[in-house]
Every structure is written in C-alpha cells, then in structure tokens.
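These are the structures in question, set out in turn.
Consider the two complexes below, in which chain A is the common component and chain B and chain C are the respective partners.
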Partner chain A sequence: MTPELTVLAQQVVLGLLLGGLYGLAAAGLSLVFGVLKVLNVAHGELIMLGGYGAYWLFARLGVDPFASLLLVIPGALLAGAVLYLGLFGFVVRAHEHTRVKNSLLVGFGLALSLHALAVRLWTADDRSITTTYGGAVLSVGPIAIPLIRLASLAVALALIGALHLLLARWRWGKAIRATAEDWQAALLTGIDVRRAYLLAFALGTALAGAAGTLVSVGYSISPSIGLEWTLKALIVVVLAGLGSMLGTFAAGLFVGVAEALSAAAFGGPYREVVGLVIFLVVLVLRPQGLFGRGQ
Partner chain B sequence: MRSPGSGTGNGWAVGILGGLALLAPLPLLVPRDDVLNFVLLVLLSITLAQSWNIIAGYAGQVNLGHAAFFGLGALTARTLWIGGTPVLIAMAAGSLVATAFALLIGAAAFRLRGAYFAIGTLALGEILRATVGNVLPEISTLPATSIGAYRLAPRYYLALGLAALSVLAVAGLQRSRLGLGMQAVREDEDAAEATGVSARGLKLRALALSTALAGAAGGVFAYYHISYYPAHPFGPAWTFDALLMTFIGGVGTLQGPVLGAVLYVFLKEYLTVRWVDFHLLIFGALFVAIVLLFPGGLVQALSRVGSGRRRPARRGGAAS
Partner chain C sequence: MLEIRGLDVAYGDVPVLSGVGLHVGEGEIVALLGPNGAGKSSLLGCVAGLVRPRAGSIAWEGRDLLTVAPHLMVEHGLAVVPEGRRLFGGMTVEENLELGAFAPRARAARRQSLARVLALFPDLGARRRQVVRGLSGGQQQMVAVGRALMASPRLLMLDEPSLGIAPRLVRAILDALVEINRDGVAILLVEQNVRAALTLAHRAYILEGGRVVGEGAGPALLHDPHVRQAYLGPLAAADRPGDRETAR
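Let's turn to the complex of A and B:
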C-alpha cells in the first residue's frame, strides 16, 4: 500500500470504530422518538452523564469501565424512568403535533440545565478513563486498531443485538413495537400504552448511558459534548429512518466513515460539515419522509 | 395561539416604540458606560427575541439553531467592517448571508413537516460553531487605531434602531395578510393550504424575515465588541436566550418578547453575579416549567389577572 492509502485506510478504520458509537447513540434516540413521538434533544446530555457515571466509578472505586456497564446501564434505566415520570410523561399528554414541538423545547431546556449541572459537578475540563490496557493496539498490516475502541464497537453491537431481540421476543418488547406502529390500535388491543412509553424511554436512556460509558473510555468527555452527540445521533436517525435498530447501527457506521473520508479530503477542521451535507442530501433524495418506517 | 392582547396590539406597538424613543437621548443624559452597555444589551436581546418570535411564534416553526444566523451576521459584518466596509453595509451583508443560509436549510426542511426544520437548524448552528471554532480559533480584536476611535454612542443607536425595526416588523406582521397567513399555517397547515395559501412559501418568508433580523443583530454584536472569539456568537446559549426571553414574555405576541427580554436581562445580570455557572440551571428549569405549565408566558398570565377569570386551557398547551 502506498503511504497515502495506508493513512486513508487507517482513517476509515477509526471512523468505523467511532461510527459504532454513533449507531448506539442513535438507537436510543430512535427508540424514544419512534415510540413516544418525542424528540429528546437532550439525548446527548444523557450520554454525557452516562460517561461521567463511568468516570466516577473508575476514579472513586476503581471499577473497570467495561465492568461498570453493569452498573451504569441499570442506573440509566432508573434515571430514564424518573425522567419520564417527572418530565416527559407530561409532554406525551399533548396532541402529536404539539408533542413534537414541546419535546424539542423541553429537551433544549433540559440540555442546557444538565450542561450547567455537569459543569458545576465536574468542571468544564475534558476527562477520560485511562486503563492499564488503554494503549494496546492490534496491528493488521500497517493499520493500527486501538483494542479498546474495537472492544467498544463489539459491546455496542452486542447491545444493539440484545435490544433487537428484546423488541422482537419479549412480551413488552412487542407492546413497545405495537405502540410505535399505532398507539390507538395498541390501546384497543389492551396494551398499557403509558407503560410502553415508560419502558421505551427507560431503555433509550439506558442505551445513552452505555454509549456514554464507551465514549469515556475510548475518547473523552466534558460537559459540552452533549450537543455534539445529540447532533450525530439525529443525523444518523434522519439517515436510517425509524423502525430498525440494526439499520440505525449501520447508518451510524456510515456516518463515522463519511466523516473520516471528508476529513481526509477537506482537512480536519471541516469534518463536521459532512453531517449537514448528509442531512440536506437525505431530505432532497428521500422527500417521502425519512421518519417514515424503513422499507 | 391568538395572543390574548391582540386586540390591543396597536396600543402595545405605540407604547413600546414610545418607550424606545424615550431611550434615544439616554447617551446625552446619562453618559455612563455601564448604563449604556446594559441598555444596549436589552435592546440587542429584544431584537434577538423578536426575530425568533417571528419564525416560531407566528409561523410555528421551532428553530433550535437561531445562533447560527446571529453568528453568520456577526462573522460577515465583522470581517467586512474590519476590512474597511462602512458598518451599515457590512451589517446588511451579514443579514443577507444569514438569510441565504436559512433559506438553504428551510427550502430542504420545509418540504416535509415535523421536526426536520428543528433538526436542520440545530445541525446548522452546531456545525457552524464547531467549524468556525476550528478554522478561526484566534480571538478577533479590533486594530489599535479602531480601538482608539471607539465610541459607545453609535453602537447604542444602531442597537436602538434595530430593536425598533424588529418591533415595527412584528407589529406590521400582525396586521398584514402575510402575518395572518403565517398564523394560519401555525394553527393548521392543511386548513391553511385549503384556503389557498402556500404553507411552504409562508414559512420561507417568515424564516427570511426572522433570520435577516437575527443576522443584523449579529452585525451590531460584531460592531459593538472590541474582542471576542469568532465562534462565540454561534454558541447555543444565544439560541437559548432567544427561546427563553420569548417564552417568558409570551410567544406569538408583539409585546411578549419585549417584556421577556427586559425581564430576562435584569434577572440574568442579577443571577450571574450570585451564581456564576448556576444561573443556566435555574433558567433551564424555568424554561421547561413555562413551556409545560405557562405556555402563554407573562402576557397570558397578565391577561388572566386583567380579565379576572381563567381562560379555557388550550388544547395540548404550548408553543404552537
């Protein structure tokens, strides 16, 4: 391989690894939006808080970040349930048209509050979890794959797979999908729609917590990462449409690679622009509606 | 949402413009920089809130990236003005650039209903903030010669004029076919289309007017500040300020954003001194509470007190 090609391949691999986390971040947002018709623009802040949860467990108690998933995920489930009961449960009472608008506004206010809270609790500095195995690298020819990010990708994929099974097989998983499809019909068949909302929101928050943990170990966290992650997740959801968790994950990988390629082509400072371009291209090419179900 | 006070909309317009006129001799009467700076901040906030109110309050489209247009106006105006262009022309150019970007997002996003416009504007704001921060990481400071010639009064009058213009724009909108069309689209797009108006065209016109004002406000910001980071006016805090001021006062009304801006700037000054970073936490919670519990803001609360009876609760509440 020529040196240029090696650099490009390396970038693509790193983009793929990061893209897995975009997919995980987007899955939670997509689940909540698909089921509750609530667009939680504070999703990135939930990811940020999940990251700080793992960071705290590591810094205070020395819990390995991958092991801390076993604590962060249940914690986030609980936090999601509380957030639903205390806040978003009121948003879903509104009519669908008003509901989306109100969720955008409430989410935006919540995002600012959580950001301020995180600055207060942990200062505005960047933090990351540095484990003893953090520097380990898998070499494939001239390409170096950071093991910890590879493990994160594997965990993300496993979580998406688990979610997929949960929605496909579990009794309440089916109830959640039925509610997403048509809540009125679901209600008529005797499904407790409010409980399906609660479960979906809690699951979405748990996914955000898991994503945050993986971000804190392979990358870094600070109170201001929330909006960035919300945006990545939104772009992925716009690209993937609703309905398929595996499709969302694949779209996450795509966005990761697209960013890497655009950074290689136009230089690092412009890598963020690719998200906007994807958004516009998707709107122009698929005007029938992306939030419609995947075909 | 028809504003509770819309019958007296004219009275409010005259009252607010009269109040702004009274502020005109302030630089001569009170030549204190701290007072002028504070009033200038209020005036800039009125423009920012009123501009958000046009697209969100009247046309019903939630813009979560308003800072993008404020920032684009600031960036363009600053670059041209420091390069030697007269400030008014530089501001007009900034306003145009902001509108051009807005129409790009709007033309794509308004093809569909739902959250696309909110996502698109959020994306535009965040991506511009990151990109401007990456490309122009250095602080922008006026050249020494300009600092020597710096006078506060022209900045003050520019902010005053723009605030008056934004109030006039909304007052005109309330009575015009254009404004009524926007409100029809806000209430029910299908019904509005059925009466023969183009919902997309109206939304785009609302967006153009809104972002032209936001871009001009960015121009005032660029002309006013001696030094700032170019990415700063793109920050989400500006969007949040606009949202919160509008909601405190009353979204979709002429007087709401003005009342909200005055109250908010006072509160913010007070709280920022007491709780440095904490004030955003308080404002975030306040905002959420207003959206869910008091979607009509102060204007609605005052009209309830005024009429002595509760207005029937609106279906679903909030920011339509």
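Let's turn to the complex of A and C:
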C-alpha cells in the first residue's frame, strides 16, 4: 500500500468508528421526532449529560465506562420520562402543526439550561475517561484501530439492534410505531398515545445517554459539545429519513466516512462542511431521506 | 344502546352539526346518509372522542361517552373504521390486526377475533405478512374493517367504507357487514352509496346542513320521493323493479 492510501484507509476506519456514534446519537433524535413530531434541539445536551454521567461514575466510583452503561441507560430513561412529563408533554398537547415551533423554543431553553448546569457542575474544561486499556490498538496491516472505539462501535450497533427488536416485537414498540404513523388512528385502536409518547421520549433520551457515555470514552466531552452533536444527529436524520433505525445507523456511518474523506481530500477544516453539504443536497434531491417514505 | 341528543358541533364560527339526535339499538344496522359536508364524519368523530361537541349528550349503554378518553372507547365496546381507512401503512396486515386488539379486553379475545376476521375476509389470510401500503384499496378496507373487529366491538361505526373501491369489493365488504351484524354487532354506517346502504340498513337518518332532515326504515326510505330525488338521481325517480329485490 502506498503511504497515501494507508493514510486514506486509516481515515476511513476512524470515520466509520465515529460514524457509529453519529448513528446512535441520531437514532434517539429520529425516534422522538418520528413519534412525537417534536424536534428536541437539546438532544446534544442530553448526550453531553450522558457523557458526564459516565465520567462521574468513573472519577468518583471508579466504574468502568462500558459497565457504567448499565447505570447511565436506566438513569437516562428516567430522566427522559421526567423531561417528557415536565416539558415536552405540554408541547405535544398543542396542535400538530405548532409542535415543531414550540418544541424549538422549549428545546433551546432546555439546551441553554443544561449547558449552564454542566458548566456549574463540571467547569467548561474538556474531559475524557482514561482507562487502563484506553491506548490499546488493534493493528490490521499498517492500519491502527483504537480498540476502545471499536468496542464503542460494537456497543452502538448492539443498542441499535436492540432498539430495532424492541420496536418490531414488543407490544408497546408496535404501539409506538403505530403512533408515529397516525396518532389518531392509534387512539381509535385503543392505544394510549400519551403513553407511547412518554416511552418514545424516554427511549430517545436513553439512546442519547448511551451515546454520551461512548463519546466520553473514545473522544472527549465538555459542556459545549451539545449543539455540535445535535447538528450531527440532525444531518444523519435528514439523510436517513424517518422510520428505520437500522437505516439511521447506516446513515451515521456514511456521514462519518464522508467527513473523514473530505478531511483527507481538502484538509481538516472541511470535515464540518461535508455534513452540511449532505444536509442541503438531501433536502433538495430527496427530502424524505434515503430510507424514509415519501408523503 | 347509543343515544345521541341535541349535538352541536362547530369548527371555529362555522356550525357543523346543530341539535342532532339519533339512536342505535341493540343489533341494529343504522345508516347515516347525506351530502358531503353534512357533518356525518364530525358526528362519528364525536362518538369516537376525537371531536368535542359544543353541546349535547352522547350516551352509550347508559354511560356518558363525552367523559371517556378516546383510547378507552374500544374498552367500552365501540370501534371505528375511519374515513380513508387510516391504516398503519408501513406495517403488515397481521400487525395492523394485532393493534386492533391492543386494549386489554380485546386482547383477551384476540385469537377468536383473528379467526373471525380471517373467516370473514379469507383474502387476508394469505397476505398476513404483506405490508399494508402495497395492498389494493379494497383489500386495505378489509384490513380496516378487520382491525376494528379485532376490538370485539358491540357497536361498529364505519365512515364511507365503499369510497374509492372496486364495485366487486364493495359488495364483499357490505356483505361482510351483514355477516358481522348477524353475530349481534350493531352497526352505524356512514355512506355516500345511498342505494347500497339503504338495502342493508334497518333504519336510516338523513343529515343535511348539520341537521337530521329525515329518518325511517331503510327499505321505506329507498322509495321516499325526496331521497330518490336527492340521492338516487333522476334515473331512480321512475320505480325500477330491481329495487324491490335488493331491499330487505
């Protein structure tokens, strides 16, 4: 392999590893948007809080970050339920056409509050979890794969698979999908739509918490990463379209690789640009997304 | 069973229903007829709990339905086949039927209900795993009726089940309604296909401009001059021998 090619392959691998987290982050946002028709712009802040949750568990109690998922996910489920009951439940009561507008207001307010809270609690410094196995690398020929990021990708994939099964098989999972398709018809078949909303929001928050935990291990967190992750998740959701969690994950991988390639081709600063270009191109050419259904 | 009195509905300043009253008795098939915009769908919406009336009462087996949350209607034995079917298009036939039996009471009887639906619409059996969006309009309507039946209702309400469906399948669906009714399920049928509705209804109401302007036994209305003039078209004004054969 020529040195250029090796560098490129290395970039693609790193892009895939990061893309898995994009996919996980986007799945939560997509679930909430698809079911509640509410755009939670504080989704990135929930990811940030999930990261700090894991960081706290590691720094205070020495809990391994992967093991801490077992605490962060239930904690985030609970936090999501509280956020729904205290905030987004009121947004959902408004007429369907005004929900997105109202959710933006509520979401931005929540994002600012959570950001301020995180600065107060953990200062504005970058943090990351450094485990004893943090530097381990799997070498495939000339390409180095950071083991911890590989494990994160595997966890992300497993969580998406679990979510997919939950929505496909569980009684309430089907109710959530039915509510996403037509909430009035769901009411007529006897589904308590408010409860489906609550469950979907809690699940979306749990996914954010899990994504945050993985970000804090393989990368770094600070109180200000929220907006960046919301934006990445939004790009992936637009690319994938609503309705397919596996499709969302695949779109996440795609964005990760596209970013890596553009950084390799045009230089580091262009990494952020490619996502926005994808965003615009998809909106113009295929507004329903790659895996979404047209209206 | 179902007793509606003095129902007033308005969207903003536009009155849709004024002082509408009707009742559906045990095991009856009642048709609700009228031109577009007469308020038929709003009336069903009120019974289903999706539309809030300004005034009036809706009682079901003695209970005030206006205080019941919409998702609990099926628990009380009411099921709706909404206008335009409103199926969960991305899901399979089986999943749609299963969701029809989501409420606890219906869930307990879901196996018998499913057998009943498949006996009524044998076509659906072979298509259980197909995604609903890929089915024809008539097949989708069968799924919609099937989904409502999965709730094992005592009153089935249908909003324009024959709309946009091939005539052969309209027949199949209307026949199914008679069959369903034979098991003791009362039916409230909103239809624009007046002739078909009147041949199978025991009684019918005519709704125009948000008011009940006529009421009577199905076959009798079929021969009512106003009904013939307004709904069956000029061709029907001269009595045709076929009518008597189809009227029950």
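We adopt the following convention: the second predicted complex is superposed on the first by the 287 of 295 C-alpha atoms of A that agree within 3 Å, B and C clash if a C-alpha of one lies under 4 Å from a C-alpha of the other, contacts with A are read in each partner's own complex, and residues count from 1 in each chain.
Methods note: a contact is a pair of C-beta atoms (placed from the backbone, for glycine too) under 8 Å apart; a residue touches a chain by one contact, two chains touch by 3 or more.
Predicted, not measured: the structure shown is a model, and the values here were computed from it.
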| item | value |
| --- | --- |
| Partner chain(s) touched by A:V284 [first = chain B, second = chain C, both, neither] | first |
| Touched partner set for A:L239, first chain B, second chain C, both or neither | neither |
| Partner chain(s) touched by A:L49 [first = chain B, second = chain C, both, neither] | neither |
| Touched partner set for A:A94, first chain B, second chain C, both or neither | first |
| Which superposed partner A:I191 touches (first chain B, second chain C, both, neither) | second |
| If touched residues of chain A are counted for chain B and for chain C, the larger one | B |
| Which of chain B and chain C A:L153 touches, first, second, both or neither | neither |
| Touching partner for A:A79 - first (chain B), second (chain C), both, neither | neither |
| Common ground on chain A, meaning residues reached by chain C in one complex and by chain B in the other | none |
| Chain A partner contacts - residues on chain B that touch it in the complex | 60, 62, 64, 104-105, 108-109, 111-112, 114-116, 118-120, 122-124, 126-127, 130-131, 134-135, 236-237, 239-240, 243-244, 247, 277-281, 283-285, 287-288, 291-292, 315-320 |
| Residue ranges of chain C in contact with chain A within the complex | 48-50, 69-75, 79-80, 82, 86-91, 95, 98-100, 102-103, 106, 147, 151 |
| Sites on chain A touched by chain B in the complex | 39, 41, 87, 90-91, 93-95, 97-102, 104-106, 108-117, 119-120, 227-228, 230-231, 234-235, 238, 268-270, 272-273, 275-276, 279-280, 283-284, 287, 289, 291 |
| Residue ranges of chain A touching chain C (in the complex, touch as defined) | 171, 174-175, 177-178, 181-182, 184-193, 243, 293 |
